[in-house]
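Heads up, there are several structures right after this.
Both complexes shown next keep subunit A, but they swap its partner, so subunit B is in the first and subunit C is in the second.
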Partner chain A sequence: MLLNQFLLLGALLFAVGVYGVLARRNGVMVLMSIELMLNAVNLNLVAFGLQHDVVSGQVFALFIIAVAAAEVGVGLAIVLLLYRNRRSIAVDEFDLMKG
Partner chain B sequence: MWILENAFLIPLIPAVSFLVILLFGRSVIGAERVHKVGITAVGIVWILSMIAAVSWITQVEDATSSKADDAEHALVSVNEGLSASGSGAVDGDLYLAAEDDGHGSDDGHGYAAGPDPVISTADGWWSSGGIDFAVGTLVDGQTVLLLVVVTSISLLVHIYSSEYVKGDRRFVHYYAFLSLFTASMLFFVMAQNLVQMIVGWELVGVCSFVLIGHWWEERPNTDAAVKAFLTNRVGDIGLLVGVAILFGTFGTFDIDSINRAVGEMGSEVHFAMLMASIALMAAVCSKSGQFPLHTWLPDAMAGPTPVSALIHAATMVVAGVFMIGRLYPVFFEGFSIGTSSINLMAFIGGFTALIGAGLAFAQWDIKKVLAYSTVSQLGYMVMALGVGAWTAAMFHLFTHAFFKACLFLGAGSVSHAAHHTFDMREMGGLRKYMPHTYKTFVISTLALAGIFPFAGFWSKDEILLGALKGQESRYLLMLVFGCVVALLTAAYMTRVIWYTFWGEYRGHGHPHESPKVMTVPLWILAVMAVVAGAFNLPTPVLELFGLERFAHLVQTYAEPTHYLNAIGLSHPGPEWEMAAAGLVLALAGIAITFMYYWRNTGPHGLTERNRYAKAGYTFLEQKYYLDHLYTDIVVGSIKAPIARAANWVNNNVIDLVVNRAGEGARDSGRWVYRWIDQGTIDNTVNALGSGADAGGQGLRVMQTGKVQNYGSLLFGTAAVVAIVFVIVL
Partner chain C sequence: MNLGALVAFVRPELDWHALAPELTLLAVGTLVTVADIALDDKAKRMMPTLAGIGLLITLVPILTLAADGAERSMFGGAYVVDDFSLVLKALFILAGYVVVLMSVDYVREGDYYENEYYTLLLTSLLGMVMMASSRDLVSVFVALELLSIPAYMLAAWRKGGPRSNEAGLKYYLMGVFASAVMLYGMSLVFGVAGDTDFGTISEALRGEGASPIVIVAILFVLVGFAFKVSAVPFHTWAPDTYEGAPTPVTAFLSVASKAAGFVALLGLVFVAFEGAADVVQPFFWVLAVVTMTVGNLIALRQTNIVRMLAYSGVAQGGFMLVPFAVAFEGDAWTVPGAGITTTVLPSAYEAVIVYLIIYAFMNLGAFSVVLAVARRTRSGEIDSYAGLFRYAPGMAVLMTVFLASLAGIPPAGGWFAKFVIFRTLADASTPAGWVLAAIVAVNAVIAFGYYARVLVQMWFEPVPETVALGVDASGDAEDELADEPAEASANDDGGFVATETRQQTMVAFTPGPIPMTGALAAALAITVVATMALGVFPGLVSHFGEVASFYLGG
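Then we have the complex of A and B:
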């Protein structure tokens, strides 16, 4: 069925995103991986919207895109400031909260 | 009559004087002027007492004269008259108790029925256990007699002291307590009920204690004060018990009611009265220095000499005699004075008179001779009361006060002259240096010895007469006591005269006569020692001069006839042979001593040669070993076993208990420390701490600070939860 394929694609994208968030050291790459996960969710929302023939799935997807844009803006600003202060954007180097 | 109803003013004035002197004496009045306050206060009181005496005599006159007209009628008018005069002035309710009639002048006892005592009471002094205690005054002839005695002697002693105690380190204190003593004694003699009587009784005891210990820097003086106080306490127990018995029997503390009730109930209450009498007799023994509690009185001479004159000769020590006289129906019934031939009171009195006179021979201290003489004379009074001679006892109290005060003040004057010694061995020949003291001393000695016509002769004669003829002549044994004492009294007083005023001066320095402020009181007292006997002269004597109406003044005016009639006392008529015998005995006593000392005949040195005589002398010198009996045997035997027992109890019981308690507390403390505190609480707290620490250490590993680790955990957990959901659902 068509829905299954969308869902599998979404799951795949999500898994790639998770991997990217957890495994990449580069802060920009982490942000990009978060985008992948968000888009995987968008794909699911749109697919379910089609399935149930409601428009709210697509509306939610649009909201997420907008929020994700804001999120990336904040995230990139943080990465930029990190780079300015520490000359590095490797996320595993920032462990000041270590217990 | 106003003063009789407001008699409370009489003790109030010296009481105020006491407070004024004590509080303002040093600061406002000035220490050298306080005696003026005291003398003024006592002077006023003396005048009031004289007015009271005159008022009372007038009242008796009224009562007896109207009695002659119509007995029933007169009583009503007397009562009305008194009520009318009293109603305006008295705060409390004045009442006059109903006349105990049926015992008037016509009942054959020879009593004229006098007026009732004037009783003023104010209710609500205090109340306890549902009993209201009234406070008030009871004024009758006996009270008036004592008022005159106390205020007269007190006034003279106040004046005399201003010179004798001048410059003393506690002059203010001395006068304050002299005033308080006067107030207490006056309060005592007009006590309306037994509770007031106890208060007055204790107050004079306290004043006596304070004044004996006046020079407390010297150890013997404080010892004497404590001894006097403690000995008096022994008797006070008797007083409390006696009062309790009387209250239990009659349900009232009112003296007048009790006396009347005893008169009415008679033998119904005999046993209770016997118990009360014995208890009260203990009080008399302590206060009036009767055997066996007389030992404090000679030691009380440690106080200043005017105090000895005032307290320990003339006034305080007669409190016991006064108390017997006041509650006479109780004793009369209790000791069966009217029907027995010997009783406790008469025997104690007679025996005390005898041993006191014996002891006076072996003393070298002039004041101690006089003190034992006082003991002896008080014994005389008690003996007189014991044989039913109420009037004779009161009359002797009256005359004795004057000549004994004179003797004591004379002794003080001698000591003042002879550089403050009282030892007769350091005196001698003083008649040449101090003629006034010598003359007054001799006059008083003759009065004490009972030589005609001095005061002591008349009162002693009445006592002997009472013993001879009173109560149907059953008390002849007491007469023997009385006669022997009369002989001894004359003898030991002559001895004092010899050692003090005759022979060569054996002291040091130059003796001199005392100033006028001391000799004038001496002369006044000496004059009283001569004339005081005139207050109760027997009728036959006065018939010689055509003055019958002045006969038996004390008997007429002082007797509480309303209850003496009820118990049925009678007055013996005068007896020439008895009077002559008494006089001969006294003269014989003087003559023997005169021969012994002045003519130097007789067995001189007998006490050194004959061992029986020596033993007897030592026996007297050691005061019959009574002090040893009390301190060594009685106190010692009680003290030592008690002390040992107390020590044993202390060591073996109390210490043990305390130690065991301590050990137990220590052990349980240790156990608690080890097992509860350290074992449980500390371990719990530590375990909580270390558990938290370990938990923190464990969890710390997870807190890497790396975002990706947190993310891994988040997603791993989410994955696990998802798998669980998938499997379970």
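Then we have the complex of A and C:
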């Protein structure tokens, strides 16, 4: 069982996702980065589930996949709304409120 | 591994009585949607009534379950209905009812989609009600997303308003990022414990101690929730989202959504993470101190009342985090029935619940007054409260009650919330606890500074001749902007931003009685009665906390 390799891959994917969320300006790219983070979690859960020989890891991963779909649906709707109003989806341009 | 053998399907025992509140809420939410489709425009005006009555009906099964008193556990302990969850479910439903009352005229006069608004509100409440019963990482996660996803949409409710858009975007990005961080932590917790229910995690962590993977796992989970309860330094979304979102939604987010975050933290910290007290307590100590202090100091220099209440909410959240910092400093005692020996401090557990209940009513009350006053002044600035006592004495008195309660002045409810925090720290009686008590005391005084500023404006200042048009009131103007996207795109390089930022339109102000409506009056009545009753008869809530702590221990 190559648990370490799975965890390393998961950690790497998660780090790439975090970098994407923090560094990317494009709203859609940020959403994709968040997906990357969630999939890193799924990878971890499935690997740990196999290691412990319990099915709850896989079940948890299935829940995350389903919820992530709903989440991204709402996210895209919000990005679309912003595009309609501002003709831009660069997330750092939205700074009407500060302080 | 033979997956087939592992997942051989066994139909779980369903306790319909225990699920009745959730099912009722779901049925009402569906009914609201179906009524809108079936009856078309005729149904529009009855939506809030339907939602309100539905919420009151949901209280019935909660009361029958409470009268029954038995602890019900389903799905292998993942979903538990006990006194703790029932008290919080009732709190969520009542808070939701007050928010519906606050929303009636706001949503109708703003000409927003009524059906969708109430459906989303009910869905989010369903998530919170589920959260109160969740005793498993999977059910906590599902409940958290169920309450958050509709809230993202509610925050962006004024589709044409740039501020509301921005509020939705910031809330969404921060919320989803926080969920992802929390989930990564949960996956590691699962890896250490081998299962997702709190009982197993608790046992595994006791055996494991504070190994590096446990520290990383727990910190990730707690940081994720710190975003949800807007603890400093993870609070940056809160003021912007609160200011930009429609005011009833802001009230909902600052009370119900924050309470749901704390409910999840209660379960996780007090039950699942007990074995890692060495990691949890210092983390919360720092988080509580920073959250209180920074929240209060920034609140001091706010000029917008909703933003001030947002930072006040951040600071109040800091007070609620205090009991977590001494959660395991009690004497060893055995949980009756469970046979587990624990050093959990029962009064810490109680303090969070009592604080949540009192905070919910006083904060909802303050937001109701803000809504009511804005109907006359059309402004969100603190300056616009000047002379409120001269033309609307009743409203000034109500606001005084709520602000005094938030500041912790007896006999309004807030003093008891502060009192239970100090009692917890005294019970813990550790050096770190005493230092924390001193910091809490200093912060309570700082907080009085900004609450007093509003009081001074209301009671002693003359009525202003002009007021700055607020975000809420200028909703129409924002909608006009949205109709002309071409104009917006013309100034891509920030010109658009410059014209919008904090350049306030001053309009002439004529004082007069606040245009009241039945629903808003009812919201004010419920919150003021609850705030005063909790202050004068604190025994009402302290009882809930004690009973709840009885069932502790997973």
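The definition used in the following text is that the second predicted complex is superposed on the first by the 98 of 99 C-alpha atoms of A that agree within 3 Å, B and C clash if a C-alpha of one lies under 4 Å from a C-alpha of the other, contacts with A are read in each partner's own complex, and residues count from 1 in each chain.
Note that contacts are C-beta pairs under 8 Å (C-beta built on N, C-alpha and C of every residue); 3 or more make two chains touch, one makes a residue touch a chain.
What you see is a predicted model; the values in this text were computed from it and never measured.
Asks: Contacts for A:Leu45 in the overlay, against subunit B (first) and subunit C (second): which applies, first, second, both or neither?
Replies: Touch partner of A:Leu45: subunit C, not subunit B.
Asks: Check whether subunit B or subunit C contacts more residues of subunit A in the superposed model.
Replies: C
Asks: May I ask you to decide whether A:Leu8 touches subunit B, subunit C, both, or neither, giving the answer as first, second, both or neither?
Replies: neither
Asks: Examine A:Leu96 and indicate which partner it touches, taking first as subunit B and second as subunit C; both and neither are also allowed.
Replies: Touch status of A:Leu96: both partners.
Asks: Of the two partner chains, subunit B (first) and subunit C (second), which one does A:Ile65 touch, if any: first, second, both, or neither?
Replies: A:Ile65 sits against neither subunit B nor subunit C.
Asks: Between subunit B and subunit C, whom does A:Val21 touch in the aligned arrangement: first, second, both, or neither?
Replies: both
Asks: Under the contact definition given at the top, report the residues of subunit A touching subunit B in one complex and subunit C in the other.
Replies: On subunit A, the residues that contact subunit B in one structure and subunit C in the other are 21, 30, 91, 94-99.
Asks: What residues of subunit A sit close enough to touch subunit B in their complex?
Replies: 18, 21-23, 30, 91-92, 94-99
Asks: Looking at the complex, which residues from subunit A come into contact with subunit C?
Replies: Residue list for subunit A touching subunit C: 7, 10, 14, 17, 21, 27, 30, 34, 37-38, 40-41, 44-45, 47-60, 63-64, 67, 70-71, 74-75, 77-79, 81-82, 84-88, 91, 93-99.
Asks: Using the touch rule from the top, collect the residues of subunit B that touch subunit A in their complex.
Replies: 699-708, 711-712, 715
Asks: Which bits of subunit C are touching subunit A when the two form their complex?
Replies: Interface residues on subunit C, with respect to subunit A: 1, 3, 6-7, 137-138, 141-142, 145, 149, 152-153, 156, 159-160, 162-163, 165-170, 172-173, 176-177, 179-181, 183-184, 186-188, 190-191, 194-196, 239-240, 243-244, 298, 302, 307, 481-482, 485, 488-489, 492, 494, 496-497, 500-501.
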